[in-house]
Amino acid sequence: MSNQIVLIDCPDAKGLVYNITKVIFDLGLNIISNHEYVDLNSKYFFMRTVLEGNHPEKELNNKLRTILPEEANIRLSSLRKKSVVILATKETHCLGDLLLRNSDGELPCDVKAVICNHNSLKGLTESFKIQYHHIPAEGCSRKEHEQNILACLEEYKPEYLVLAKYMRIFTPNFIRQYPYRIINIHHSFLPAFIGASPYKQAFERGVKIIGSTSHFVTDNLDEGPIIVQDVIPVNHTFTAAGMAQAGRDIEKNVLAKSLKLVLENRVFIFKDKTIVFD
Amino acid sequence: MSNQIVLIDCPDAKGLVYNITKVIFDLGLNIISNHEYVDLNSKYFFMRTVLEGNHPEKELNNKLRTILPEEANIRLSSLRKKSVVILATKETHCLGDLLLRNSDGELPCDVKAVICNHNSLKGLTESFKIQYHHIPAEGCSRKEHEQNILACLEEYKPEYLVLAKYMRIFTPNFIRQYPYRIINIHHSFLPAFIGASPYKQAFERGVKIIGSTSHFVTDNLDEGPIIVQDVIPVNHTFTAAGMAQAGRDIEKNVLAKSLKLVLENRVFIFKDKTIVFD
Amino acid sequence: MSNQIVLIDCPDAKGLVYNITKVIFDLGLNIISNHEYVDLNSKYFFMRTVLEGNHPEKELNNKLRTILPEEANIRLSSLRKKSVVILATKETHCLGDLLLRNSDGELPCDVKAVICNHNSLKGLTESFKIQYHHIPAEGCSRKEHEQNILACLEEYKPEYLVLAKYMRIFTPNFIRQYPYRIINIHHSFLPAFIGASPYKQAFERGVKIIGSTSHFVTDNLDEGPIIVQDVIPVNHTFTAAGMAQAGRDIEKNVLAKSLKLVLENRVFIFKDKTIVFD
Amino acid sequence: MSNQIVLIDCPDAKGLVYNITKVIFDLGLNIISNHEYVDLNSKYFFMRTVLEGNHPEKELNNKLRTILPEEANIRLSSLRKKSVVILATKETHCLGDLLLRNSDGELPCDVKAVICNHNSLKGLTESFKIQYHHIPAEGCSRKEHEQNILACLEEYKPEYLVLAKYMRIFTPNFIRQYPYRIINIHHSFLPAFIGASPYKQAFERGVKIIGSTSHFVTDNLDEGPIIVQDVIPVNHTFTAAGMAQAGRDIEKNVLAKSLKLVLENRVFIFKDKTIVFD
């Protein structure tokens, strides 16, 4: 059975749920699940509805348009697999974990390719029968490197890019090509330890808990909307390297969890924060 | 500003959300928040709606009746304070924590009295200006003891009883007087370590995590619907007494959290499980 | 039975454990528990030993001196209760929780007094039969205010000051009087959200987890050695006030846990970090 | 640099640490880290010492023998890689995670082979260049099946067997061949939900947290000494299948963590419980 997901966000108004569900009811559609949330400060309304079966998108969209305010965002999508390209550098745990889950059918996506700036992940990638591209950053400018990646992506036209411990920073120009469509895993409990070597920073500060944060990539490094966070305890016996190793256990799960939420259309972005209907 | 909470549960049917929100819309009421859940196995529908302002309950109830199936449960209630009596035995942490929160106005309840089978908690209770009753279990039968408690409760007619480490078991006859209105904290991660001395059991089994569970009291000891659970790590250096002391830190929070959820009308009970709209 | 705790820290050297345990063995003392840790970067050694019974401190100290490097720190102390003064402002949860635990005998300390800059916590404090002082900050300079507090403390000569949500910042001059003897609870997962209104900051950043941190107070605001941290999940439905309320559940436990560790002589401070033998 | 690990357990006695460290000191060896624990109920002593460099095992063992009680267990081992065979059935997450970590060098072991009773994990195993054996349980008696596995293991003589969601129960006869050398991951927070379909049991009980437990396999199903446990929150929206999927995220980490602890000689077994020096 295939289902349809309706995402609506707009300024709040009396009767929104009634009017939306009336459209759905009049079309004879059945609601399987329904989440609403109103940001009371901004008087803004968010709704995620799963409908049984698929209805012609155009008609549903048109009918919703007639009862919603003009500035409303309506997104209709079936629970089909979305195309994804993964970027990585050297570490295997996040990439390997995503490839394992993908081959298991756990993630509703189609991993089109893996792109790496180093060349050590070829064997891992290809053992999962996924297309591998090595696009080195050495010997070219940052701009050229990004152009090479964009050219490669052109072939796949992925809906989402997943940075599975991709250790380079993209320019605003690159990010603009994939607005709120790049998901990164940062190896700290943001906003603590922004930037490079967060485990080293955590070690030096002597924290008793370390974390991991997935977020959408925006122009401001490590400041995009947070999707998922998780933490684990550490203590004085952990070196920075020990923290890094312990942190991998949550990094991979946080990244996979956030990707799943995004692929299932459970995530709204509003004012640089996420609303997650999980 | 006062709000009204509408709780509805009934067999699922197409158009329920539409029909319910139509009644609300036609009455000119504004929805502040709305949660729905459908148990897909049992095809059963649950909804919690918070309305801005108060509407005459009778009219709202009657209009909802006309569009809902006959077997629907409709509960309307304002976010008023509910009356509560706490029962305890000897330990101070749960009772003290509840009294602290109550005096802070953190819990939407009115603690009418504390009843203890031992007599060591009088000072603590009275320092919070709460009525205290010592109803000893010694020197009388279980039936007599429960009759004495029921007689005392008669004076307060509480909507909920909270067992804050009350270490005696009630008979089905007693429980029948407060169906799904008695909240207990059990000092284990149920269903592990049912019954007496759960920390001793946990110690003997050598678990690496201990837990705490709040639940509604039913005839089956420690088997009522679970409301909230939490855990903390332990290790081989913990004695049973050490586990008990560590466990207190979560017991009090779990009990308070579950009481708050219940008092805010966020908890449905269905087939011996809870649906919690938090 | 009374025990004696031996804390030693010094530059690491071959044979330290052997030489120390030889002294203990030769004195006929029995080791109940023993923790060692060597900071491998700094080649620095830490040891906490619990001895059965009490031995004349002077002899033990002298014998240890003969076998340890000159710069070694040796601290001997019985597990006696240490004197503590609590400072608070307005919030009840941390203060109330400490007073509850203190009256239960859960903390090996003797709470001498509570000092508040506001005057709303008198009733709570006195209900636990603890001396209360209101020392307002209004109408006097920061320096005068601190002098008033120091004068009041003079009477009690506490070994530790506990800041139970004391919302003012001490000057270096004040802190110098209690070096590494002031324990604060900060309502964030440090180093995230240093400074004022951390829950508001957390809300605005859209984090999915909030935290609480206890630390020793040093001249650098919120940058002293961290003792304990804990976290709880939040989501988009939490307002800043909702986060603040949820955060209280961990603030009080984190503060109490860190105080207990300090009182039990389980905490070493080294290079602005703590080594905690728990 | 290679190190040597000394594990000692014996009845407690005065002077044990002194006598042991004297042997080490007299041999001119340097202690890098040292953990002791005394079970106060049983008056039993446990010690794990890491020595810099390698000393002839025989001499060290003999010298320790002379100062330890006769019933003492002494185990000397370098931090060399231990040989491991993994058994699995159908699920990929635990097996894949172990193979990933193994290929990363994260685990100090040498995975000799993977044995499966079903045949779907061949591709995954071989993509990591690990020897794969399909030993079906169908068409033969339980005894024959176990004989086939034992015959296969004979070739590898592994020090540890890891059951990575191996869904069959071994007979006592099989287990006797690998006493406390078989590590299993059970998909529940033991002792809750012993036996088959723990997630289904958890779903039916309506728990709010689910867990995962690694343990040594003994004759009593799911009652062997627990090594590591972890949990994650769930709620009423989780089906049994949803719990199973969420549970995988902790199963793999718990299994890997416990294997690492065992391989690093950090785990003692005493009275059906573990002492873990982590």
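The first chain written gets the first letter, and so on, giving A, B, C and D; residue counts start at 1 in each chain.
We adopt the following convention: a residue touches a chain if its C-beta (ideal position, glycine included) is under 8 Å from a C-beta of that chain, and two chains touch if they have at least 3 such contacts.
All values derive from a computational prediction rather than experimental measurement.
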Minimum number of chain-to-chain contact steps, chain A to chain C: 1
Far-end chain from chain C, centres as C-alpha averages: A
Between the pairs A-D and B-D, the one where more C-beta pairs touch: B-D
Rounded Å distance between chain A and chain D, as computed from the means of their C-alpha atoms: 35
Chain centre separation in whole Å, for chain D relative to chain B (CA means): 41
Touching two or more other chains - residue numbers and ranges from chain B: 37, 40
Residues of chain B defined as touching chain A within the complex: 14-15, 17-18, 21-22, 24-25, 28, 30-34, 36-38, 40, 233
Chain B residues within the chain D interface of the complex: 37, 40, 189-193, 205-209, 211, 225-231, 235-237, 239, 272-276
Residues of chain B touching chain C in the complex: 92-93, 96-97, 100-101, 103-104, 106, 124, 127-128, 245, 249, 253, 256-257
